[in-house]
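Take a look at the structures listed below.
Shared between the two complexes below is chain A, which pairs with chain B and chain C, respectively.
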Partner chain A sequence: MIKDVRNLFGKKRQRQKPDAVVQKLMDIVGENEVLYLKEDLISYECDGYTMSKGMPKAVVFVKSTKQVTDVVKCLNKEETPYIARGAGTGLSGGATPLGGEVLISLVKMKKMLHLDLENRKAVVEPGFINLKLTQSISDKGYYYAPDPSSQYTCTIGGNVAENSGGAHCLKYGVTTNHILGLEIVLPSGEVIELGEEGVPDRPGYDLLGLLTGSEGTLGIVTKITVKVLKNPEGKKTVLAYFDEIDDASKAVSEIIAAGIIPAALEMMDSIAIEGVESAAYPVGHPRDIAAFLLIEVDGIAAGIEDQIDEILTVCKNNNVREVKVAKDEAERGLWWANRKMGFGAMGAISPDYLVQDGVIPRTRLPEVLTKIAEISKKYELRIANIFHAGDGNLHPLILYDASIPGESERASKAGSECLKACADVGGSITGEHGVGIEKSAEMRFIFSDEEIAAQTDIRAVFNPKNLLNPGKLFPQPGRCAEVKKELVKA
Partner chain B sequence: MSVHEKGLANLVEIAKNGVACETKTLGNYLWDDLPDENKWADCVHCGMCLEACPTYQETGEEQHSPRGRVYLIKAVAEGKINVNEAFSKPVFDCLDCRACETACPADVQVGGLIEEARGQIRQAMPLKGFSGMISKTALKGVFPHQNRLNMLGGFMRFYQKSGVQTVVRKTGMLNVMPTHLKDMESVLPKVGKPVLGRYPEIVPAEGETKQRVGILTGCVMDVMFSDVNEATIRVLTHNGFEVGMPKQQGCCGALHIHAGDRETGKMLAKQNIEAFKDYDKVLVNAAGCGSALQEYHELFRNDPEMLPLAKEFSAKVEDVSKFLYDTDFKRPKAEVKTKITYHDACHLAHGQGVRFEPRQLLKEIPGVEMVELPDADRCCGSAGIYNLTHPEMAGALLDRKIDDIPENIEMISMGNPGCMLQIAMGVKKHGRSEKVVHTIQLLDWAYEKDKEEASKQVKS
Partner chain C sequence: MITSGTEGVLPIEDILPKEQIKQNDEQKHPLGNGGIQMMEAYSEEDISSVLAYANEHDKTVNVISGGTKRGYGGIVELADILLSLANYKGVVDHSVGDLTLTVKPGTTLKEITNALTKTGQRVAFDTPWPELATIGGIVAANDSGPKRLLYGSARDLVIGTRIVYSDGNVIRTGGKVVKNVAGYDMNKLFIGSMGTLGVISEITIKLRPLPKYEGLSLLHFLKGNEQDIRDFSVKILDSMMEPVSLELLNPTLTEKMNGKHCYTLAIAFEDRENAVLEQEKWVKEHLPVGVEHTVMHEEEARQWWEKFRHLGPNGYNDEQHDAATQAALKVGSNNLDVLVNLELADKLAAMHAVSIEAHGGLGHGISRVFVKGSSSNIVSYIREFRTKVENGHGYVVCTHLPFQLRETVGVWGEKPGYFALLQGIKRTNDPKVILNRHRFVGGI
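What follows is the complex of A and B.
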């Protein structure tokens, strides 16, 4: 696409010859829409989860449903595995190759196809950026609710695949609660449409629900109809500093128990605070607190003051050191930027990090955090905690340095133990980041072999040859077989 | 000699002479002035930078994103790929606009890393053929030499004044030039005479002297936009500052550093550090140059002798608009009735974090109505000489910039000569009529009006 003047005047770059499969893909989408040289592919070795890497065979950029169909049919025929990829900001390796897959990049399918504010919905292509949707309708008084922290760059197609959540999902629900319809290319090359315009619920199985969050293992989404919401009339944000995690945690439970459903209710502990305060948007949080809560209420303007008063009272009853309400939009924006940069900010205090995504019953937080502190000590790795406290979705961020031999493995084990701790208190191993490569083994913490087999049977209905995103989401029985083989050899 | 052979030769040399301690290598980076590992260690691959990057927005390709480029640069250090043409392309296709640095949660210095990688590439693969010649004549032969630059300015003045320009334009001789060069020729500003050398080395303050400041007159700025330099001197002296223009100063070296010629960059940096050694404050009215001067210490990160001097110098450098705002500039009283928008030069907004002050200078001029430009801090495509080396990408970005300019605007203000040329070209190409001005010029006109009105009052 970019023509370099050096190519105009100088020698054309010597290109390594594409192989037969790549050549066929080029015939479908055009020569410039396929990457296959090692240097061009290497940055596609992983997504936002960097612990596992694999080289793709090629990257294909598609621009229409027709091209997706043709590419899928071609790869089916060649029996080459393939993966759909959006912006590559996923945190569990959902778009990361195991090695040798063709990546079908949907980032060039980024148009809004239809906007129907009267019926409060929009139709977008999968490469449409999450935040752009809100930006393009905010002047008309509307927004798109699911707001993963990566919303500046992640695609709605990727959000559908991972059933992404975000800070404001406590009140408004995750991606699946905002999807009205999908157009999907199945691994057979067939195009199907799920959901119907304007009809909120249909008889029969909830296939929309099945496809949303299937982590790219059942089909490739090529068109998405989403709900858009009217901007809330009023909005207020509170920041509360606590000296004890227990107090912050009790405050969370009491706010919910009081019948308030905040739009967002976030917690960060001291190491996480160290990270965000060293990064791009420091707020000036005190460094010696145990945790802060960031609480936002929105809705009809009339009730908001009362809710804020009640929240302030709850915080004070739980020994809050300091609590304040954002004085204007700028301050509110800064608090949120500081929070939303939380993961990336870890780069400022550690070369690498591994984020976990456990879910726990809110009331068990102090106990789980104690357990995580023990894990941190055991593996000699620092662990920061960012917590969607309102819905019990905990993100332990394990800080490590991949260049030190053995640290990656230790981090991985520590992560797994954190998830075990969540599962042990009746929680789950993922709230919003997906299972991907990262947590496929940990699926056994919450599912029996039969339950896993039932799910892979469903996958086989859509994806019988398992060419679409193989090796993700479920533990691979192959691993056991390999181990056994090694044992026999020995 | 291939890259690989050269690396081997380097290693053989080390083995022979036993100077391994001096010629360090890092993975497949085998040349002097190694890139900084700590810069990529900060990147956790989160992807927040993707949509901030103009080349990613245009291409959607990971290797043309900041995160992708950092990944490639790291991959060479890890020995996974070589320094070759396929590596060079994404690294040189970067605009160096630094928008990613604003977006990055972990403050990864992508710009610095790109410059360091370019330094390695140019040592590994020196430019040959046509582009090598162009680069040598322009970057090494002209920009470092004030007198040659002035001569070039003289040629241009002659070209414009003698009627040659009219003849050339009318006869269609320009049609043999590539379109983007032709477009650029069509908006060449009326070239005045450079201020450096023409003005005294020290221009006294009007009234009581608050402080003495040095100004970098710049190369392109002084040749193409000497009127902006004149305005800068007038505005500063009007505000009570004594303005010094040490004659030994030269080009800031940004173009060289961006092109991977770090050696010439260092030579120019040393020259400027020396030239301004007696000044506590060095003001710059060209964002790109300001940013380069503020990062001289990055250039000397592997030179313990120069490093402290460079650090001390960089700390003295400030953009003129920020300096004026921070020193409580004289508020003009006369009205300048105009409707204006403001474009953030990349190296002012992303490079130096200066966004608020220039807007405030404009807003506080009575009569100026300021309308915000959507995505004001997206690169216009000028990016030093990027518009010459990558006309297609630069053109696409320029079109987007012009499309964003609100209706019924009379002027577009900014703080960088490269952007001024580029946007003027866009305005013309799109058949629009907005006037492209430097922020300081507007303030200068307001003061001018103040003075006129004051003298009228005296007369009456």
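What follows is the complex of A and C.
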């Protein structure tokens, strides 16, 4: 049956009647809050990880916890799998539907519900944008610490699902260190509250910690109590240019060894610099350097000068070509905008790129960088390196051209090998982007079958029918590698 | 009781060498949580063999190392086996450049501190009884001290563990890197789980550099000036100062620590010397009228904290005191409700004829109350205190209670609404319920 409707642009078009499941979802949230036509669903085929795509059955926009529970209960009854989705900025495919799932979009649950600065906490809905939180409390001198590069658009709900990091987590920790409470809709439709009132250490297993970073496989977050921090009194930012990557790496270790915990300690290599200098916020970095370090120290103003002096000395002792302190907030802002453009800037120098997210003990930086250079040579693909060097979190960016046959597949293999290099020195395959679809096979680099089973057994306690975000995070014997290969081919 | 040669039972010498298995002479410990047979682990394999044996033969296992938390939870006086980790100790790996430490569970905090000091690093735990309490126990019980305000607690500091599951299998959680989101954050499940989900056989912790300079400002508030405490605390929390602690001591505790009978705020600063002095200057400039102010630096400050870390009962030396008449409570609340709860603790102490010492962190919401009195007074005190704290959205957990009072009072308070999930997790990890049976929330 066909009926006439008007689309967003007011043009008449003919619409397919929704099927029974979609109709039930419409009954819960209203007809206008469900997308189900193919042309409406295309932009929901993937998140920020674009190598795998799949068509959702429908996208449902929910506005309340009650609607989430009703939708979840309905989908349970229909045995239809579903995925919670925020802004879709995830970089590992966590919100990508591979099996015709229904996407439950939380972007319309975007209110701040409560702000209690005396107790240093705020309660927000999951669709609240990360940066907006800081912006809405900055006039009172407060901020929210986790600052992923996508903070302009990513949601706090998504940050909780992925346990997102950011440039400033060296000193201040990642999302999990800033979450005090969560309201969760379980896959059963039951609503539970963890860390009620944001009170710490409530008796019981730490489900708050378990849920944070569970990549949307244990429950759907509908309310979040976060810790907010007071702005530091002082802040200074240093930019140091090095002719040798090894010198820059050594400087990183020596800064930490000197007893300094910078708020951020970032590194970019020459290819990454080529990218950011071609993008929206060029700083004028010399193009012939091997790497730069961007170092920020904050805290009590009286203690900062000493630390900056020590950092300058460490850099000089490690053959720095040039080192400077940001002269004002404008210069500091430009340096950071340039750095935060890092991933996107790769678009300026390559048609496609794949971001990786390995972590290593920071003292192993030089050898892992050598290994990544070898991988680059082996696969004949350029690899740019952007790292949160202070906490050993590497982002190799593998540059490729998807239109050249076989190149996507080579990029994927090169990425996997970079993660192996990290795992081999006792590191991890992901520091802040999550496993999702992208790295589920690579989980085997760091976990045994028993260790993976220990985790999927826990998943079964929350998500026994595995209808909530199935096929993510854990390797599926004989399936994952195949799917990945097919998708890369496609 | 485990016997050798019984049909279907492993010969005892196949579990552990004979010298590591002891008949427990001290079966009637006033704090319970004992075992008929004491088995001492010297390695992860030992832990694994004991658990595999116990699991197969349905033997219950209580776990102990330093014994300071023996009075914390548990309504089983004697399990079949008391597994001791006290001899499974030492540093496995200290990566100075990476600021990470991997250590065996029976290592005391003092031993760790001593091993790290020469490299200018430390584990940022300021938990009590550092020479007795082991890292395994601190993590399993999620213990913390006043300086968690700035440095965080176990959930912020532990980055990896090895866990021996109830069937003897060893599972690694997390890793040795400071940032890691691969798979579920399984570390969190074991922190504070009181050994009910597995036995921690190795812990990797994020370290911090030793502070360059330490200062401690003590602010003594006269009786009746409690509103000043709140106002001052709000002011400092709203400032750009970065106190490491903002710990409020009740009058009886202040008396013990400083010989004065009044509420005292202990504000620690740890930073470069300049930065510490600047912050102390801020405190001085913002002192409410009538507040007496003492400042200590370096060794003097360290000694004050050392004394502070030896307060309250602990399971190891409780027998030296009168074990039947002591309790310790952990109270969780909104940060600023700490003041309300401490005042309440004092008021109720007079009404229930118990004596207390108490302190709590106005920036982190955790308070501790140490109670002395007759058994019946302790019971009535805790009941009323708990009801009132819960009305203010807080909770009360008994971190130390004589064995015979634990069922009467209820160590953990009411079960949470999501208790079925906790049970499900327990069933997954320890289906036969052999580990620390009934030691945790809701009788898990």
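Please note the rule applied: the second predicted complex is superposed on the first by the 464 of 490 C-alpha atoms of A that agree within 3 Å, B and C clash if a C-alpha of one lies under 4 Å from a C-alpha of the other, contacts with A are read in each partner's own complex, and residues count from 1 in each chain.
Criterion: a residue touches a chain if its C-beta (ideal position, glycine included) is under 8 Å from a C-beta of that chain, and two chains touch if they have at least 3 such contacts.
Because the structure is predicted, anything quoted here is derived from the model rather than measured.
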item	value
Combined model on chain A where chain B meets chain C, clash or fit	fit
First (chain B), second (chain C), both or neither touched by A:Val102	neither
Touched partner set for A:Ala348, first chain B, second chain C, both or neither	first
Chain B versus chain C as contact partner of A:Asn393, first or second or both or neither	second
Which of chain B and chain C A:Gly427 touches, first, second, both or neither	second
Angle, in degrees and to the nearest 10, that opens at chain A between the C-alpha centres of chain B and chain C	140
Chain B versus chain C as contact partner of A:Val34, first or second or both or neither	neither
Broader residue contact with chain A after superposition on the shared chain, chain B or chain C	C
Minimum distance between Cα atoms of chain B and chain C in the superposition (Å)	20
Set intersection of chain A contacts, chain C complex versus chain B complex	none
Chain C - residues contacting chain A, complex	95-100, 120, 142, 144, 152-153, 155-156, 165, 169, 171-173, 175-189, 191-193, 197, 208-210, 212, 234, 237-242, 271-272, 274-279, 330, 332-336, 363-366, 393-395, 397, 412-413, 416-419, 421-422, 424-425, 428-429, 441
Complex contacts: residues of chain B adjacent to chain A	41-52, 55, 58-65, 67-69, 71-72, 75, 80-81, 84-87, 89, 92-93, 102-108, 128-131, 388-393
Sites on chain A touched by chain B in the complex	1-6, 9-11, 13-14, 35, 37-40, 42-48, 50, 59, 61, 87-89, 105, 107-108, 110, 127, 129, 150, 152-154, 279-281, 341-348, 351-353, 403
Touch list for chain A against partner chain C, complex	117-120, 141, 162-163, 165, 169, 173-174, 176-177, 186, 192-194, 196-210, 212-214, 218, 230-233, 253, 256-257, 259-261, 299-304, 306-307, 359-363, 388, 391-393, 426-435, 439, 443, 446-448, 450-452, 454-455, 457-462, 473-474
